Amino acid sequence: MRTLKLLGNFLICLAVASVVVFAVVNLLPGDIAGVILGPNASPESVAALRERMGLDEPLVMRYVTWMGTLLSGHVPRSALSGAPVGADIAGRFAVTGWLVFFGMGVAICLALPMGAWAALNRHRPSGWLVSGFAQFGMAIPAFMVGICLTIIFGVKLRWFPANGYVEASTSVTGWLSHLVLPSITLGAVQGAILVRYVRSAFVDVLRTDWFRTARSVGWRRWAAVWRHGLRNTALQLVTVVGLQVGSLFAGAIVVESVFAIRGIGTYLLQNVSNRDLPVVSTIVLMLVALVLVVNLLVDLSYGFIDPRLRNRRRLGR
Amino acid sequence: MMLKVDQLTVRFGRRTTPAISGIGFHIDQGERLGLIGESGSGKSVTSLAVMGLLGDTARISGSIRWKGEELVGRSDAHYSRLRGAAMGMVFQEPMTALDPTMRCGRQVAEVVRLHAGADRGQARAKVLEILATVGLADPERIADSYPDELSGGQRQRVLIAMAMVNSPQLLIADEPTTALDVTVQAKVLEELDRMLANTGAGLLFISHDLAVVARMCERIAVMYRGSIVETGRLDQVLGNPQHPYTAGLIATADITSAEPGSRLPVIQDFWRQS
Amino acid sequence: MKRAVLWAGATLVALVVLACLVSVAWLPTDPNTVGTPTLAPPSADHPLGTDNLGRDLAARLLVGARSCLLVGVVAVSIGAVIGVPLGIIAGGSRGVAATVLMRGADIVYAFPALLLAILLAAARGHASTFTAMAAIGLSTIPAFMRVTRSAAVDVLAQDYVMAARGAGFGLGHIALRHVLPNVAPVVLVQSSSAFGVAILAEASLSYLGLGTPPTTPSWGRMIYEAQSFVYSDIQLAALPGICIAAAVLGFNLLGDGLRDLLDPTLREITR
Amino acid sequence: MTLLEARGLDKTYRRSGNPVRAIRCIDLSVASGDRLGIVGESGSGKSTLVRMLAGLLEPSFGQVLYRGNPINGANREQLRELRRGVQMVFQDPRSSLNPRMRIGDIIAEPLFSPVQPRSIRAHAVERVAELMDLVELDDVAPNVYPHELSGGQRQRVAIARALAPAPEVLIADEAVSALDVSVRAHVLNLITDLVATQNLTLVFVSHDLTVVRHLCDRMVVMRDGVIVEQGRTEAIHANPTDDYTARLLASVPRLPGH
C-alpha cells in the first residue's frame, strides 16, 4: 500500500517537474527561435526554424508533443543540426553516472566515520578537530579542490592523469585511473557537507533515552552505537542522501568541466552556449527525474531500515 | 558492604557550582535506600554517577566503592562489565527508553547474551521467563512486539525485565513509576517489591514522592540542592525529622491531613530557603 | 568554545562586508582596464600585482566581494521571503494544503541551483547576474520552508498558542505574535548557512560562465581565467579561492555560532 | 444557574492509523460557584472534555452550552461570550508561556483580544500590576522573561493571564501536576483564595485524587471516555460505588502513620 502511494507521489512530482521545465523555457519573454539562432540570424531562417519546431502551435500541443517523444523512448532532435542526439546523451549519462557513483562512495566513506567520531568525541578536542576540518571542506568550492588535486597529484606527482576520460571498454585501468581524482574531488566536497548531517544524526541518537538504556545494560559506547545507533541514524542519513543528490549532480557538472570529462555536464554546457534549447530542456528534465528517482528509492528504503513501517501491514490484521 | 559512596562531588563542564557535592551513603546486600528530593536536588545525577553513566563533560571526585573496589576513574570497559550484571537500572520515561526499531524480546535477550553468553535458544527461554515474572500477561506476544505497540506500563515492565534478567545485586530505580497511572504504579511497585525479595537484591530508589519511597524502602536520604541533608531509618525520619527541610517536605507531601479547602502547610513554614 | 565559533564567523563576514564597502568607495585602479605590465608582482600601484591581462588583482578582488554579497543577499532574501511564510502556512495547516506545499518543496529540491541557472541561461539566451540570483534564490526556498515548517509545528503545539486561542485571538495574531518571533532564530541560522551556500553556488556558476558576466569581476570567473597560469602564477587562482573560502566559512561559522547561542537545549548530563 | 453544560458530547480523533474514540456521549453541567473536580488516568479523555468545554476543540457529536446557548456551529457571538467568560490554565509551566514575551505583556495579552470591549485596553498596565499582586508575584518585575522564573512563578503568571479578562469560569488542566511538591502547596492555596475572592467557578482536572479532594466539593471520575461516577467529593471518598473508583482510591500511595 505504502509503495503505491510513494509511486503515485513520484509520478505527480515528475509530471509537475516536466511542466516547470517546459514553462521556464517557453513562457519567458522573447522568441525561442530568435534565441537559438542568435541576434544576427536572418528573419527567414528564424521563421523557418519556428515552422520546423512547430513553435506557432498552442503551448499545450507543444508540451504534449515534447512529452510524447520523450515517453516513447527517443529524444527530440537538436534544433541546430536536427541530428538525433539520443546516443550522445545516453553515452554521456553513463560517464556522469559513474562519476556520481564513485563520488557518493567517497563522500559516504569519508562522512560516516568522521561524523560518528565527531559526535562521540564532541566534548573532546579530537571531535572539534574533525568538525572543524569538515567546516573547512564545506567552504572550499569544488573547482578549487579539483584544481589543487590536479596540480599536486596530476602534474607534480603524476600519480593519476590530470584530466580526460577513458572508456571502460577500451581500458579498465585507464577508466579507473581517470576517475580517481574527479571522484575524490566530488566526494570530498559532498562528504564535508554530509559529515555535519552524520554528526547531528549520531548526536541525536546519543541523546535518546534508549541509547542510555543500552549503556545501562552493559553495552560499551561504540558497541551501543553499532547495535542501536546505526539503524536509527540510517533513517536520517538516507533522507539526507536523498536531499544531497541534487547538489551531487550539480557538483558533478562542475567537476566534469575542471577535469574535462565528456559527461552529461559538459555536453549540457555546450548546448547551453550554442543555445540548443530542446536538448538542454530534455537533459535538465532527465537530471531532475534522476533526482526524483533517487528520492523515491530513499522513501522505499525506509521500509527496510525501520521494520515498524514494514510490519504496519502485519499490524493491520 | 556492597555499595559505599563517600564525598561524591560532580561538576559539569566549566560550571563552578557542583551539581552534587559531598554525597555519602551506603547500601548493604538486600538493603533498600530511598533517595528523596525535588527537581534540581541532584538525585538523578547521583544515581547516574553510581552507574558511571555521566557524560564526558562530568568531572567526578570522591569515592564509589562496589564491594570494596573503587569505581571512580575506572575505565568504561570495566564499568560496562558491571552494568546489567552486578548493577541494573530503570529510568523514568518508559515511552522513549526502548529502541523503537527492535522487538522487545530481542532487546531483553541481548542483555542475557551480553553477560551470560547463553545461546539463542536459552536466551529466548530466559526472556519469556523474566517477562512473566515482571507480571506481563502474554510474554510471547510482548516479546514479538515493537515498543510502540505496547502501553507505558508494559514498556516499563520490559525495562525492569532488562535490568533484572541477570539478577543484579543492586537495582537503581530513578522515578520508575512517576510516568505511570496510579493503578499501574501500584501493580508495578508490588511486582518490583516481590522480585527484589526473591533475588535478595539491594535497591537505590529515587523519587520526589515521599509516599512511594516509604512504600519501597526501609531507609531514606533527603537531598536538597546537591547535598544530603538527612539520612536515617524511614520511621525515625518520618517520626521526628531532624532537618527543617525534611519536616517541610513531609508536611507538604501529605495534603490529605489538612482540611479540604483550608490553607495547606507550605515548606516556608518550616524551612527558610538560604 | 561556542563563543569562539560565533566571533570567528562574525569577523570573517565583517571582512567581506568591509571589502565590499571599500570597493564602493575606493579602488586602487579600475578593475577592467587592460594594460601592462601583465602578471606583475605586487608593487606600489598594484598592491597584489596584475593578472594575465594586466588588470589590477586587488581591485578585482574587492569588486568580486561586491558581486558575491549581492548575489548572497538577493538569493537569501528570495528564499526567506517566500520560504518562511509558506513554511508557517504548511506548519499550521492540516491535510491537503500541507502536503501540496511540501510536495512542491520536494520538486524544487530536485532542481539544484546549477540546473535552474542552466535552464534560465539557456531560455534567456545569455547568462546574467539576474539569472544566477533567481536560480540560487529559488533553490534555497525548500530549505527555508522545511526549517520554518518544523519550527512552526513545534510552536503551534505549545500551550501558549492554545491559551491565545482561548482568549479569543485569531490565526493572524497568533502567527505574528507567537509563531514568527519563536521561528525567527531558526530562520536566522538558516539564512546564515544559506548565505554560505549561495556564495558557493555563485562562484561555481561564474566559474562555468553562467553567473555574473565577464565584464564585472567575480571570484569564480577569476579562478577560471587563472587556471592556465596555475603552475607559474598560483596567486591568481589562490587569492580568489581563499576569498571564497573565507566568506563561506564566515557565514557557516556565524550560522553555527547563532544556533548554539539561540538553542537552549544544549545542556546535557548523561551519555 | 448552569454556566457550562455538555449534552451528549462525543469526540473521535482520526489521526494516522485507526480512529480513537476519546469521549463517549458525555453529559455534564457546571453551575455557578461549583468547584468541580474531573479525575481520571491518562487516556480517560478528561483533557479532551475540558478543551471542548472551553471551545478549543470541535466535538464530533453533541453540544457545549454556555449560559444555556450552544457555542459550536454558526453563532459566533455565543463563542465570543464563552471566550470572555471561560479561561484556562495548562499543565506544563515550560510551554504555557511564550518564551519571547515579557511576563507583563503575557498577562496583558487577553485584554487586547478582539472579543474584549476596547475600553478595558486603556488601563492595561494598572490591571497587570493588580493581577501580579493578586497571584503573589509582586516581588517580580513585569519586564522579565519566562525563563528567568521558577516553575511555580511561571504557573502563577499563567493564572494571572487567565484572570486578566475577569472570567466567570476557570478551567485548570493538571495545573499543579508538573510542579514540585513544595511549590504545589503554594499554587493550591492561591487557587483556593482566588476562587473565593474572585468568586470563580472552578473546573479542576487532575490524575491526583488527593489534590481534587482538597480543592473540589463535587467530583467526576472518568475512564476510557465515560463518566463512571459523579457526586460530592466527600461521599465518593467515603464509599465509592463504582469499583474502578474504589481501585483508584486504593492505589493512591499513603504515608505510613498519616
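As written, the chain order gives the labels A, B, C and D, with residue 1 at the start of each chain.
Simple rule for what comes next: contacts are C-beta pairs under 8 Å (C-beta built on N, C-alpha and C of every residue); 3 or more make two chains touch, one makes a residue touch a chain.
Here the structure is a predicted model, which means the values were calculated and not measured.
J.: Among the remaining chains, which ones contact both chain B and chain C?
T.: Output, common partners of chain B and chain C: A, D.
J.: Consider the two chain pairs A-C and B-D; indicate the one with the greater count of contacting C-beta pairs.
T.: Greater number of contacting C-beta pairs: A-C.
J.: Mind checking the centre-to-centre distance between chain A and chain B? Centres are C-alpha means, answer in whole Å.
T.: 50
J.: Taking each chain's centre as the mean position of its Cα atoms, how many Å separate chain B from chain D?
T.: 33
J.: Could you tell me the distance, in whole angstrom, between the mean C-alpha positions of chain A and chain C?
T.: Chain A and chain C have C-alpha centres separated by 21 Å.
J.: Counting only residues that touch at least 2 other chains, which ones in chain C make the list?
T.: 268, 270-271
J.: Would you mind listing the residues of chain A that make contact with two or more other chains?
T.: 212, 215
J.: Give the residues of chain D that touch two or more other chains, as numbers and ranges in rising order.
T.: none
J.: Under the definition above, what is the set of chain A residues touching chain C in their complex?
T.: For chain A paired with chain C, touching residues are 9, 12-13, 16-17, 20-21, 24-25, 28, 30, 35, 38, 128, 135-136, 138-144, 147, 151, 155, 206-207, 211-212, 215, 243, 246-247, 249-250, 253-254, 257, 268-269, 271-273, 275, 277, 280-281, 284, 287-288, 291-292, 295.
J.: List the residues on chain C that touch chain D in their complex, please.
T.: Spelled out, the residues of chain C in touch with chain D are 158-160, 162-170, 177-178, 181-182, 264.
J.: Can you tell me which positions in chain D touch chain C when the two form their complex?
T.: Listed in rising order, the residues of chain D that touch chain C are 51, 54-56, 80, 83-84, 86-88, 90-92, 95-101, 106, 109-110, 113-116, 147, 158, 161-162, 165.
J.: Once bound in the complex, which stretches of chain A touch chain B?
T.: For this pair, the touching residues of chain A are 121, 123-124, 208-210, 212-221, 227-228, 231-232, 305-308, 311, 315.
J.: Show me the residue ranges of chain C that touch chain A in the complex, using the header's touch definition.
T.: It comes out as residues 1, 103-104, 106-107, 109-115, 118-125, 196, 200, 203-204, 207-210, 220, 223-224, 227, 230-231, 237, 241, 244-246, 248-249, 252-253, 256, 268, 270-271.
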